[in-house]
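The two complexes that follow have chain A in common; it is paired with chain B in the first and with chain C in the second.
Showing the complex of A and B:
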């Protein structure tokens, strides 16, 4: 997780550097009095690289998708909680009807 | 008291048949949607900065945003291992949700980056 986050920050830094290069390029154009028709080629490559890195980071950084099917592997209860010994079933709640089809949550 | 509990249990029975047909884990669906919003918001901000640096104006920028969101959708489908119905209840969740709210952030950062790079 920390690694992907670092990569994302790196991608953002690349974009900032590309912005800085474009600002300098525009300053150069102002001196030579030419028209701006687009950033130079190396800045284009830099932008593309930064964009790809950020896309990868944005898709990888959040957690994995979880299955929404109630009977799938993801939603199985694989372990009981540690305080089973303290569960009490002999209380006033047993007067009410039990919802036996209620699924256990993880 | 007895009458109340009676009606509750009968209601449960009637909805039981429905539950068999379209049951899904709402909690996991919510977390999946959160992941999608996260990705889309982040990428629309990044896309806005890139479009601003490239100097896009007018319709070009919106076409760029549309392409970026298409790429994001493909990426999300790939993240879901191409089985959308295991993780979402419909295709619209992957393809459309977060599109308009992302457009707002995109326009904001697009104008922001354009102003910084090309105007000042």
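Showing the complex of A and C:
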């Protein structure tokens, strides 16, 4: 867990560094009075690397993915809830009471 | 509805609570969430929390929810004095509440004094004519008195106003099935499938009803719904697998002699039979011979 977290932080740092490099590059272009057409190639590689690392860390760090299929082993419905709104008390349990010593103490 | 994960969680918690491992409040919360009726356990463990002032105070406002749950559970177990005490405690805390009024009326129901309960519900309905829970209690009361046709009448009246209430549709379907009025039950299950198309158990119940009615067209539809149940449960529902086999053989018997038999049907049946054999081999190997003879007789009949 700690390792993945560190890698994620590292990826974010790489992204920040890429942004910083681009700003610096634009500053340089202003001095040489050239037109900005895009960041240099090594910054592009840095960006891509940061992106990949961040995606990997973000997918690994949280818990396992859960299935969203209704027919998967976890999600399949095994029984319906008892229809408690229509519960009736006039049943055979009336004749066989359980554990008579229960009492609510105030 | 209860999914497989929730069922395992509930069973684990129940085991833990029954063996004194704590987690009673979590167990009771899960019971409420899943709307299960395990009144004896709810009563026992709920009272153990309520009788312990330290535990009770940690619940905060949820304490009153627990009082209500325990009161209903106590009525279901015929511990009327416990139910009475809980209701009294709630009445003291919420002197004006309709919900406590309903609970008091339910207590009258549990005592068997139907007229008083009826009166109480009527007066509650006068104040709030759209209280669904009270309408449902009246249906349940008619059922408890054995007045099934009255219950159907109340339910139909209720469903005219609250058409989206699937619990009520389910109750009506079950009442119709108990009276063997399968056509009406089928209609209710159609409503249920429309409102909750991903619940396989409604498909299964609908298919059961259609299979019971019989006739070629109904059998074919029943088979389709058994197949959709298999689809929605990932082939884990044994009843649906048997249903497909039975439907296929019944259809084959009906169309025997007539030309143009459907070929694809036999494939579904043989696949279902294969899955059944596999499941039985895994879970109940000593019942396997019975299964094979039963399946053989089905294919012989076709």
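Definition applied: the second predicted complex is superposed on the first by the 65 of 106 C-alpha atoms of A that agree within 3 Å, B and C clash if a C-alpha of one lies under 4 Å from a C-alpha of the other, contacts with A are read in each partner's own complex, and residues count from 1 in each chain.
The rule is short, and it goes like this: contacts are C-beta pairs under 8 Å (C-beta built on N, C-alpha and C of every residue); 3 or more make two chains touch, one makes a residue touch a chain.
Bear in mind that the values here come from a model prediction, so they are computed numbers and not experimental data.
Within the superposed three-chain model, A:74 lies in touch with chain B and with chain C [touch as defined at top]. In the superposed model, A:36 lies in contact with chain B only, and not with chain C. Of the two partner chains placed by the overlay, only chain B lies in contact with A:47; chain C stays clear of it.
In the superposition on chain A, contact is made by A:84 with chain C only, not with chain B. In the superposed pair of complexes, A:59 makes contact with chain B only, with no contact to chain C.
When the shared chain is aligned, chain B comes close enough to touch A:23, but chain C does not.
In the superposition on chain A, A:15 makes contact with chain B only, not with chain C.
When the two complexes are overlaid on their common chain A, residue A:97 makes contact with chain B and with chain C alike. Overlap of the chain B and chain C interfaces on chain A: residues 69-70, 72, 74-75, 97, 99, 105.
The residues of chain A lying in touch with chain C in their complex are 69-90, 93-94, 97-100, 102-106. Listing the residues of chain A that touch chain B in their complex gives 11-12, 15, 18-19, 22-23, 26, 36, 38-39, 43-44, 47, 50-51, 54-55, 58-59, 61-63, 65-70, 72, 74-75, 96-97, 99, 101, 105.
Chain contact summary for the complex, chain B toward chain A: residues 5, 8-9, 12, 16, 23-29, 31-32, 34-35, 38-39, 42-43, 46-47, 49-50, 52-55, 71-72, 75-76, 78-80, 86-89, 113, 116-118. Taken together, the chain C residues at the contact with chain A in this complex read 1-5, 7, 34-37, 39-40, 43-44, 47, 50-51, 70, 72, 74-79, 81-82, 85-86, 89, 106, 109-110, 112, 133, 136-137, 139-141, 143-145, 167-168, 170-171, 174, 198-201, 231-234, 236.
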